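Going in written order, the chains are labelled A, B, C and D, and every chain counts its residues from 1.
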Amino acid sequence: MKQLNIGLVGYGFMGRTHSNAFLQAPRFFDLPYVPVLKAVAARNEERVKKFAENWGYESHTSDWRDLVNRKDVDLIDIASPNDTHHEIAIAAARAGKMVMCEKPLGRNAIEAKAMTESIEQAGVPNTVWYNYRRVPAVTMIKELLDEGRFGRIFHYRAKFLQDWTISKDLPQGGEGLWRLDVSVAGSGVTGDLLAHNIDTALWLNGPIVEVTAMTETFIKERTHNLTGKVEPVGIDDASAFLARFENGSLATFEATRYARGHKALYTLEINGEHASAFWDLHDLHRIQYFDHRDEGRVRGWRNVHVTDGDQPYMKHWWVPGLQIGYEHTFTHQFADFVEAAARGRALPPTFRDGLATDRVTDAVLKSAKSRQWEKVEC
Amino acid sequence: MKQLNIGLVGYGFMGRTHSNAFLQAPRFFDLPYVPVLKAVAARNEERVKKFAENWGYESHTSDWRDLVNRKDVDLIDIASPNDTHHEIAIAAARAGKMVMCEKPLGRNAIEAKAMTESIEQAGVPNTVWYNYRRVPAVTMIKELLDEGRFGRIFHYRAKFLQDWTISKDLPQGGEGLWRLDVSVAGSGVTGDLLAHNIDTALWLNGPIVEVTAMTETFIKERTHNLTGKVEPVGIDDASAFLARFENGSLATFEATRYARGHKALYTLEINGEHASAFWDLHDLHRIQYFDHRDEGRVRGWRNVHVTDGDQPYMKHWWVPGLQIGYEHTFTHQFADFVEAAARGRALPPTFRDGLATDRVTDAVLKSAKSRQWEKVEC
Amino acid sequence: MKQLNIGLVGYGFMGRTHSNAFLQAPRFFDLPYVPVLKAVAARNEERVKKFAENWGYESHTSDWRDLVNRKDVDLIDIASPNDTHHEIAIAAARAGKMVMCEKPLGRNAIEAKAMTESIEQAGVPNTVWYNYRRVPAVTMIKELLDEGRFGRIFHYRAKFLQDWTISKDLPQGGEGLWRLDVSVAGSGVTGDLLAHNIDTALWLNGPIVEVTAMTETFIKERTHNLTGKVEPVGIDDASAFLARFENGSLATFEATRYARGHKALYTLEINGEHASAFWDLHDLHRIQYFDHRDEGRVRGWRNVHVTDGDQPYMKHWWVPGLQIGYEHTFTHQFADFVEAAARGRALPPTFRDGLATDRVTDAVLKSAKSRQWEKVEC
Amino acid sequence: MKQLNIGLVGYGFMGRTHSNAFLQAPRFFDLPYVPVLKAVAARNEERVKKFAENWGYESHTSDWRDLVNRKDVDLIDIASPNDTHHEIAIAAARAGKMVMCEKPLGRNAIEAKAMTESIEQAGVPNTVWYNYRRVPAVTMIKELLDEGRFGRIFHYRAKFLQDWTISKDLPQGGEGLWRLDVSVAGSGVTGDLLAHNIDTALWLNGPIVEVTAMTETFIKERTHNLTGKVEPVGIDDASAFLARFENGSLATFEATRYARGHKALYTLEINGEHASAFWDLHDLHRIQYFDHRDEGRVRGWRNVHVTDGDQPYMKHWWVPGLQIGYEHTFTHQFADFVEAAARGRALPPTFRDGLATDRVTDAVLKSAKSRQWEKVEC
């Protein structure tokens, strides 16, 4: 069977989730290619060496350009900080490589647009790692919507609540903390967390037309981890917006790292004329599903434990009642990507889908400054 | 409209729940009689006077026989400790009064049998205050069962878990603590808590054929509140049993006052071939209902908030989503009793139903001693 | 003991909850006055007569002015539709009556301001029936906040979700449906539902400075129940806003009658530096409480069943684990009102508090039109 | 680094979970040996070949004796049906191999005793795959107990509820259905499900002294999948027992495959003098923890999401809030096994622990027949 030679850029949190997916996918899915962990690139030589050994990459380098230049690399997977996505993706596309890119696609829609144009010009398979689309429960909500069960949609709600930056003593910037450095990350929770909510929302509920937003930076100054200086905090600690979708529904979105008690509480709810659904990342295997067409007296939110073989992706895993976890969303996306790539196709969320999300986050940040409703570019 | 003159015996916890029911029922239900709080009897003169004033009883006495002897009392309501039920109920029945009696009917089936024979001989309307049958959610489970939705029943489970007697310093006996004095109460959690579970179970799932049980007294000695002496504890602190029902289903029952963290956690679950239901007193307005005939992919436990007008009793109260509470179960039972009484009928759970429960608790206590399976008398 | 003679205006849903409170409060609370149900007024003579009989009012009338003019009425309780609050309250205040008024205080802040000025000029005890402050769980959150357990507040969230107007066939206006008639109600969910959320929020988290809002009317035309004509719908079916509080915290609020599956889902959450709390009307006896100062490994949201004697109001009711319901919030407010009235004081939420809420709802409706952030008048 | 050469027997459900563990453990844990998937044995040649290819085993065979005889195999992992455990484990022990054996250890305590004696005589590292001990939440309950937080234990409860055999049309025996064939499985839910509950219970709460039990076979005859004949069903479909532990606590245990609506609902609860804990396999990342020493007013069951780095095993995986799944329990056990093996030790649950569980299940089955309390052999 043909090999799919992978060159990974980055060895952080996402480098691990992707590598695990490359290894686990062929055991559980019948893939058209054999994934080969060809090489990994990252700036710190010692660490990248250790990472390569741990995960079984055949080689490693401190310069991502080496990967792009190698003829024996088919796929460039970008898992490095946000400020590197743009340059790597465009170089990889020009070199004719398939590209998988961590989210958000760019630090803003300008970067994302250039990346999307490059990748489409190259015509190579591509995807953005908005992994939550492939939680089986979330995928199932999409299926239920596509089947027309909900009728006219009235409301959409999404939140992503964390609490890990409340301490004033937390520094910003550098290894593991670049998400707090606006020059690297592009924005705070808007790009890091809301982007996830938005990608899923656009997928489930269609385009967003306009938004009104507010953002806040609760802690105004932090010590920078690399410089050791106390510097202004450039990121948004919290971000919330109201939105109107093209289908006429109304929405509220909120993300924060200051919601005491919540670790990674991504929730979504959609209310239609006939049915509603709710999902919560902390109980990722369940959906709460309400169908008004159920007999009135015993009508209620159905607590559906999405672990059966007829529910998305689950036939590949264990038996009913037994859960999979966070990492499997990446395994699913990689398996789907390989499948699509074998047919020469991009896998949604494609770069163009990633651009759509960046346009919404741009509108959110713009509205937070302008104090006006802002249209989302399309 | 004809009056229903009530004579209450007892002014404790149950005296209050009953009195509230007498006052509240005519405002929310269209009763055939006007309840009149004619008199209350209890041993402590000062307290019974204060109680009468607070609740608007026309008169009070320290001797319950006065109530039985009054011609202008139609109904004797027994809310005094367990050791008094037997004598009062029989006297009241002989005097031709309607009788409502707190649970358990007797301290044992011998007492209960005599009471039942008296009341049936007198032919007067009667009921036992197993109030949990009239939680709207529980009533609805009964309706769903009667409609044949569950198919063959395989399993029944019931628990009543409390934690209020864990402290060694808690005395036994006397005002407010007679439930810990075996001579007054008859037994411990078996008669106090399991009796509730059993009454509901017999109602929902039919007769119990046989049981194997264990009981335990964790704290062996306590100071008696009245005598001041340290005395052996005669009651069972915990009681559990396995049972087989006449319909072939298997059951587990458990009650205790040593389950740290649970205040009054009465739960029940019934599993049938086609459907299952679960209820929990701490969320008394919900049932969890599972119907296997639901479409597979979106099948799940339905969380039904039993507050709609087409659900039992709820049309008498507020609007969907708004809850009633514990006390309303008594109001419902009283309203139903008046309705039945106007037609000359006893209201289930009748004395005979109360006797059936006492026979099960007797078998449980007997099995705990004999270490054998024991048949339930019928 | 001195009597408190009550004159009630209105016999609808709220007329019932108030009447029940008048009857039940003296049985469970040690009140300084004896409430007397003196008279009830409502336009429909036949119905008001029947209502008076059912609830035991001594008299009834079809003209509320009769109540205001009676010397033997001490308290005017306004439970009639929103468009009547203004005139009745001012007349009652001028007549020197105590006044309890259903929420929202006015159809808008102009009405509410006039009412507040009248009542303060008269110096009579007054309150607005924002009953949810007196759910024991909600009252306890207030206590915990006042004790300083939360530290700096970062976030507040509130929702009130219903689904009862989704059908296009539902008419607007008239008996039981005046909430859909903008001329009577003043607004839709903004005044009916969000007003509840806002009152609680102002109480728990202090003043709101500014808002940006959106409203929507999903069904544009409905048959008017009284005229029989198809007419434009004037109310807002859904209303959501972002807010900034004076204390620097950020908030999201949302109310709708188009959230399929939710009957009366009022939820609130507050996130502070050290602690967070969550409450949900459908499980009204619980708070979810998170305290970051708990030991890390066993830190979690505490599911607190607010039914113990040391928790607000509960010593007046049953025993731990046993719930009260929706109606008790009115009983609590009435008991507190009588207590305050005996000391010549207004009871929060006073008319001035009601005005504060109307100013927020006015800002919300204004922002929904202006598409701007709007300051809340103070 | 030294290799650990693995020979797996069986390619079913458990063959997959074990193989995944062998592959995933070295990526996430710092193991003292490098696991090598040396060979896999199973009866069906075609299938074992395919399995070997999929999982990357270097070789395969249709005779497990080949593995035992190979010098280059260090560890025999038994994942074949219950009736094969006995012979393979003893042969492997005699050949000086390390042994990992699926649960239950034997079909009964006689087999298990012989296996335990063999393995102890050989002195080789061994373990039984009672994987649920290594759900992070369950491991944490053990830690909390060992820290003495619970005080005297009063109650233990465990259930394992499934519903997959309710249909009368389900055949028994053969590939994927050997669990329904008593000659292969040894028993029904007692050995398959209750054994899990018992292993965890013995670990958390110490030895069980005596039991009284009931079992039931609801469907008396089924078509045998291999013979095509309708044959009596020999297994127990449901099994429940009451137990007394050596520490004086009382317990209820129940397992069934006839609890409509439950897929794999393993729950456990332990109630101590000071604290209680509850766990549920369907929400495997949470424990409900109650500590009576918490301040009374805000005391409640703490919903602890066990995903932080200071909670068992979680520092090896992702970040707080992100879940792992069922399969990881095997990965944990394998990682712990390799660690123990490097130090020459057996890993609990050892064969001796597996024997202890088989002695309890034997007592349960004996009691169900004798209708007596039965002592557990020790």
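Throughout what follows, a contact is a pair of C-beta atoms (placed from the backbone, for glycine too) under 8 Å apart; a residue touches a chain by one contact, two chains touch by 3 or more.
Keep in mind that what you see is a predicted model, and the values were worked out from it rather than measured.
Chemist: From the C-alpha centres, identify the chain that is farthest from chain C.
Modeler: Result for the farthest chain: D.
Chemist: Would you mind telling me which chain pair, A-C or C-D, is linked by more contacting C-beta pairs?
Modeler: A-C
Chemist: Centroid from C-alpha atoms only, then distance chain A to chain D, rounded to Å. What do you get?
Modeler: Each chain reduced to its C-alpha mean, chain A and chain D end up 36 Å apart.
Chemist: Determine the centre-to-centre distance between chain A and chain C, using the mean Cα coordinates as centres, and give it in whole Å.
Modeler: Using C-alpha averages as centres, the distance is 42 Å.
Chemist: Once you find the CA centre of chain C and the CA centre of chain D, what distance in Å lies between them?
Modeler: 55
Chemist: Residue numbers in chain A touching 2 or more other chains?
Modeler: Residue numbers touching two or more other chains: 262, 301, 305, 308.
Chemist: In their complex, what parts of chain B are in touch with chain A?
Modeler: For this pair, the touching residues of chain B are 140, 144, 286, 288-289, 291, 294, 296-305, 308, 310-311.
Chemist: Write out the stretch or stretches of chain B touching chain D in their complex.
Modeler: The contact residues of chain B facing chain D are 154-155, 157, 163, 166, 212-214, 216, 218, 238, 240-242, 244, 248, 250, 252, 254, 256, 258-262, 271-276, 290, 292, 301, 371-373.
Chemist: Given the complex with chain C, which residues does chain B contribute to the contact?
Modeler: Per the touch definition, chain B meets chain C at residues 13, 17, 19-20, 23-24, 26-27, 54-55, 162, 164, 262-265, 281-285, 305, 307-308, 317-328.
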